[in-house]
Amino acid sequence: MSESLYQEIILDHYKNPHGRGLREPFDAEAHHVNPTCGDEITVRVALDGEKVADVSFDGQGCSISQASASVLHELLTGGTVSRARDVEAAFVELMQGKGQVEPDEDVLGDGIAFAGVARYPARVKCALLSWMAFKDAVNRAQAEEL
Amino acid sequence: MAEQMPSPLDVDRVRKDFPILERRLAGDRALVYLDSANTSQKPRPVLDALTEHYERHNANVARAVHQLGEEATSAYEGARDKIAAFIGAPTRSEVLFTKNASEALNLVANTMASGLAEDPRYRLEPGDEIVITEMEHHSNIVPWQLAARRTGATLRWFGLTEDGRLDIAGLRELINPRTKIVSLVHQSNILGTVNPVAHVVERAREVGALVLLDGAQSVPHMPVDVTELGVDLLAFTGHKLCGPTGIGVLWGRGEVLDGLPPFLGGGEMIETVAMDGSTFAPIPHKFEAGTPPIAQAVGLGAAVDYLTGLGMTSVREHDRAITAYALDRLHGVDGVSVIGPDSMVDRGATVSFTVDGIHPHDVGQVLDEQGVAVRVGHHCARPVCVRYGIPATTRASFYLYTTNAEIDALVDGIEQVKRFFG
Amino acid sequence: MAEQMPSPLDVDRVRKDFPILERRLAGDRALVYLDSANTSQKPRPVLDALTEHYERHNANVARAVHQLGEEATSAYEGARDKIAAFIGAPTRSEVLFTKNASEALNLVANTMASGLAEDPRYRLEPGDEIVITEMEHHSNIVPWQLAARRTGATLRWFGLTEDGRLDIAGLRELINPRTKIVSLVHQSNILGTVNPVAHVVERAREVGALVLLDGAQSVPHMPVDVTELGVDLLAFTGHKLCGPTGIGVLWGRGEVLDGLPPFLGGGEMIETVAMDGSTFAPIPHKFEAGTPPIAQAVGLGAAVDYLTGLGMTSVREHDRAITAYALDRLHGVDGVSVIGPDSMVDRGATVSFTVDGIHPHDVGQVLDEQGVAVRVGHHCARPVCVRYGIPATTRASFYLYTTNAEIDALVDGIEQVKRFFG
Amino acid sequence: MSESLYQEIILDHYKNPHGRGLREPFDAEAHHVNPTCGDEITVRVALDGEKVADVSFDGQGCSISQASASVLHELLTGGTVSRARDVEAAFVELMQGKGQVEPDEDVLGDGIAFAGVARYPARVKCALLSWMAFKDAVNRAQAEEL
C-alpha cells in the first residue's frame, strides 16, 4: 500500500529527520507557506564563501515535506553553492516531471525516493516547499554579501 | 456498536440516482465520497436537464423572438422561480444568479465599497464598521478586507469559543450603531457549527445594520427560509447543492438590492445605453451582466426539484443520523480529536478532526489509497486553524447519499493510517 | 443564382455533430439557426465531455488529495493548457477563467478603477483617459462608464464611418499620452466589421497605453494569436465558441496581470489569510476566487479541441463563403439594406439589415414562424443604432454549420415578411 | 400563418393607427423605452377633471406596440380616469396571463385581439409599452393637479 508514494526512505527521513531545528549562526533564512494546506517551513543557511556551511530548518508539515527537508539537509550541507543549485534544479525537474523523469542517484541521493511523489500533483508542492525556501535563503545570503 | 438514529431516506435508492457513486477508482477500489462540503455529486435528473437543454433548447436568453430563445428564456426564468420557492423568497426578482457563492459575497462587498450608492446605508465610508466572524470561509473574509482597504471602513469579527462556537458574549459592543453590515456563515464549512442567526439579526435590526448570510453549507443541508431567518441577503452556491459548477445565487430583499449600485456592467443589465451614460434595468437583471449561466441555472432548478422531491427535512434528518453515527464512531478511535462541536446540538454533517502525530496530508493520502475521499488542509478557513493552534485538519463531510458503511470505511481507514505511520 | 465561394468544410458532416440541428420546431418546422453571434450551438464531443466529467470525475479542484480531486484538477488545468495553445498565449498562467466575456471585461475595468494597484499604469485617476469605440458591445461600454465615474477618468471613443468602419482619422489625438487603456472590439457583433487592431496597438505602444481586445466574436470565427496581435489583454466567451454557458476567458500578458490588483476575494485566490490581512496567490489563481466553472472549463477545452480538429482557417473560410453568399442574395431583395460593411473586406459572418417600413421585431417574428431564428433589436450595441439613425436591426449570423440552403430560407422568409406586412 | 399573434384587427390598427401624432394641449407626457429592442414611445394625456380628454402618442416600434397604442387611444379617450384604470388593469392581466386569461370584450374592445400576444413572452413588453407610458402620464397629470 502507498508504496509508490511513501517509500521506506521517505518514512525513515520523516521519522528521524536530519538537520531539524533552527541553528545559529546563519546568513539568511526564508519562510515559505503552502497555501493549499497551510504547511510552513523556515530554512536557514550559513555560507562560507562558495561553501554551504549549514542548512537548518523548522516547520510543520506532512511526511513528504518533512522528509524532503531532511534529504535536502543531507544532500547540500558541506557542498558548494553551485552544486546545491544543480541538485535543486534536478529535484525540481524530477518533481515537475509527472512521473516521466528518470532520477539520477549520483546527483539526488536519497532524493530519488521522491520520484513517486511526482505522480501526485497535490503533493509535489509539499516535496518542493523546503527546496524553494532554501533557494530563497541562498539568494538572500548572497545578496547580503555583495 | 454505535447508537443508531433512523434516517428517513431510502439511501440505497438515492445512491442509484448518482452515477458517479458506481465509479471504481484505481486498483478497482470502491469510491467512498466523504467530501460533499467541498462539492456535492450530481443526480441523474440534473445531468439529464443539462443534456436536454443543450440538445433541444440552447439559445441566448432575454433577447430573442425565436422559439429556441423563448424556450431557453422560460427555462432560465423558470429556474429562478424554483430557487425563489426553495428559499422562501417573497419575490422572484430578488433571486440573482452569480457564478458561485464567492461572487455573490463579493457582489455585496464590492458594490458597498464602490462609492456609487446614493443611500448611505449601502455605502461604506471611513468610520463605518463591518462585522464578520473568525469562522468565515476566505470568500467571506477577503472581500471585506479589500472593501475596508478601499473605503477606510473598519473590519471587526466575532471570536470563537473553545468548543467551536461563535463567541457572542461581546455581541452588543461588536454590533453597534457604527456597524453597516454583518456578514456571517450559517453553517461553518470547517467546524460544522450552525450559528445563532436569530441573535445576530435581532441586534443588527436594533442598530440598523444589514445582515448577509453565507448559506453555502446550509442551503444544501436544511430547510432555509429567508423570510423566517429575517436576514437581508443570502449567498449560496450550486455545486454543493447537487447542481452544476459555474452557478451561485444571491438573494436579497428587494429594497436592499434596489439600493445597491450596479456591480458588473454590460449585456442585459441596462435599461438604455448611450456613449455618454447609461441607465440600469430593475432587479434581478441589474446584477446579471452578460450572458448568464443559462444551462447551469436550468441544472440548478432540476437539483432543487430533486431535493424538494426528497424533502429538505428528510435530508437534514439523514444528515443528523449519519453525523451522530460518525461522531460516535470517531470517539472510539484513539488519538482522534474532533475540531468543532462534539455533540449533535446546532451542528451539520461536516466533521473535522486531527489524528495525533500524523499530518492531515498523510491521513488524507492513506485514506485515498483505500478509496475514502476526504479533504485535508485549512478548508479555506485558515483563521480557524490558527485559532485552535493546528496547521490543518482532516475533514469528512456527508450528504444525502452517505451510508453508515462509509463511516465504517472511514474509521477502518484511520486505523490503517495509524498503523502505517505508527 | 449567387456567385459561390467554396467552403473547405464538409458541412453535412459537421451538422451531424450538433444534435440540436435535428430539432423540429412547433408545427414540425425545421430549425434554421442563424443566431450564432448570440450563442453558438454545441457539438456532441462538448456534451459528452460535460457528462463524462460529472459522471466520473466530479470533485472540487486545487484542494483535494483524493483521486477524483486530482482527476478534476488535471482536467480543469488541462483545459487551461488547451485554451492557451488555442490563442497562442506564451504562458498557461496568463489564461484566467471567468464566467463570461462580460466579467472578463469588467475585471479589467474594475481592478483599474479600484485604486488598489501600486503601479500607476494600472490605476485610473482623474485626468486619465479611457478610449473605446462607438461599436462596442454594452459589456465594453458600461464597465468603463462606471470606472470613469468612480475614478474621475475621462471616457472617449472612436466614431464610425458611413459604411460601418471605425473612423480612425483622429487616432493620434484620441490615443494620446493621457490614455491609460484602449478597449475595443475585434469583430463587431452588430456590424460584422473586423477592426484594424494593428493600427491601434501601434499607436497605443507609442503612448504607453494598454490595449484590451474584446474577442467575443473573433475568437470563435478566425485564428486568433495574442502574440501576433500584440495586445495586452483579450476577453472572450465560451458559449459563442461551441462551449458551455457559464465560462469566459481573460488572457493577459503576465506583467499586466501581475500589476492589476485582485478582483474578487476568497477561495483559492489567496496565499495566506489572517483576520487582519491577506496575501494573494500568483496568476492565474489570484483572479479565480471561489470554485471555478470546472465542468464548463472542461467543456470549453473539448470545444477548442473540436474546432482545432476542423482547423480555424477552415472555419474562417467557411464563414467567408457563407457570408459572401448571404450578402449577394440579400442584395437581390428589394427594400433590404445592410447595416455595416457591404463587401467581404474585413468583415465576419454577421449581417445586420433593415427591411423598408417593417420593424425588425415583426421581421424576426414572421421569420420565426418559418423556423428561421435570427436576432432583432439593438444587439447590446445601442450606440450603433443611434449612429445610423435606426431603432434596431435584424441580424443573421452564421457559423461552421450554416448552409447556403439556410441562407435561401432566410431570403424566402424575408419575401414572406414583405408579403405579410405589405 | 402568424394567425394567433398577428390578428387582422392588430394589422388594421398598425396600418391605420388612431391617435398617432403628439397633440396640444396636454397635461403630462411620459416617454418609455423597451430595453430589449430599443422601441420608444411618448404618450400625452389631457385630463378634464375625471375625464380623459385626449390621448396622443408618437414613437417607433413594431406592429404590436403601434397597434396597441392605437387601441389604447380608441378605448380610453373620452372615458373616465377610473374606467381607464380598469381597462388598463384588464389589459395588463391579459398580457401577463401566458395565454390562460379569457379576455372580456366589453372591457377591452379591440384589445381582445392581443390575447394571442400573451403567448409570446418576448412580445408582451411591446404590447404593454404604451399602456405603461399612459399610466405614468396620468399619474403625473394627477400629481400636478394636487
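Every chain is named by a letter (A, B, C and D) in the order it is written, and numbering of its residues begins at 1.
Just so we're on the same page, a residue touches a chain if its C-beta (ideal position, glycine included) is under 8 Å from a C-beta of that chain, and two chains touch if they have at least 3 such contacts.
Source: prediction; values computed, not measured.
Among the other chains, A has the CA centre that is most remote from the centre of chain D. Two chain pairs, C-D and A-C, are compared here, and C-D has more C-beta pairs in contact (counted per touch definition above). Rounded to whole angstrom, the centroid-to-centroid distance between chain A and chain B, based on C-alpha atoms, equals 38 Å.
Averaging C-alpha coordinates per chain places the centre of chain B 46 Å away from that of chain D. For chain C, residues that reach two or more other chains under the stated contact definition are 63-65, 69, 268, 270, 272, 361, 365, 376-377, 382.
Looking at chain A, residues 36, 120, 123 sit in touch with two or more other chains. By the touch criterion given at the top, residues 62-65, 69-70, 73-74, 268, 270-272, 281 of chain C touch chain A in their complex.
Contact residues of chain B toward chain A in the complex are 359-362, 365-366, 369, 376-378, 382, 385, 391-392, 416, 420-421. Partner chain C is touched in their complex by these residues of chain D: 1-2, 5-6, 11, 36-40, 60-65, 120, 123, 126. Partner chain B is touched in their complex by these residues of chain D: 33, 35-36, 120-123. Those residues of chain B lying in contact with chain C across their complex are 19-20, 23, 25-26, 31, 33, 35, 38-39, 41-42, 46-47, 50-51, 54-56, 58-60, 63-69, 98-103, 105-106, 109-110, 114-116, 134, 137-143, 145-146, 149-150, 155, 157, 237, 239, 244-248, 262, 264-270, 272-275, 277-278, 289-296, 361, 364-365, 367-368, 372-377, 380, 382-383, 386.
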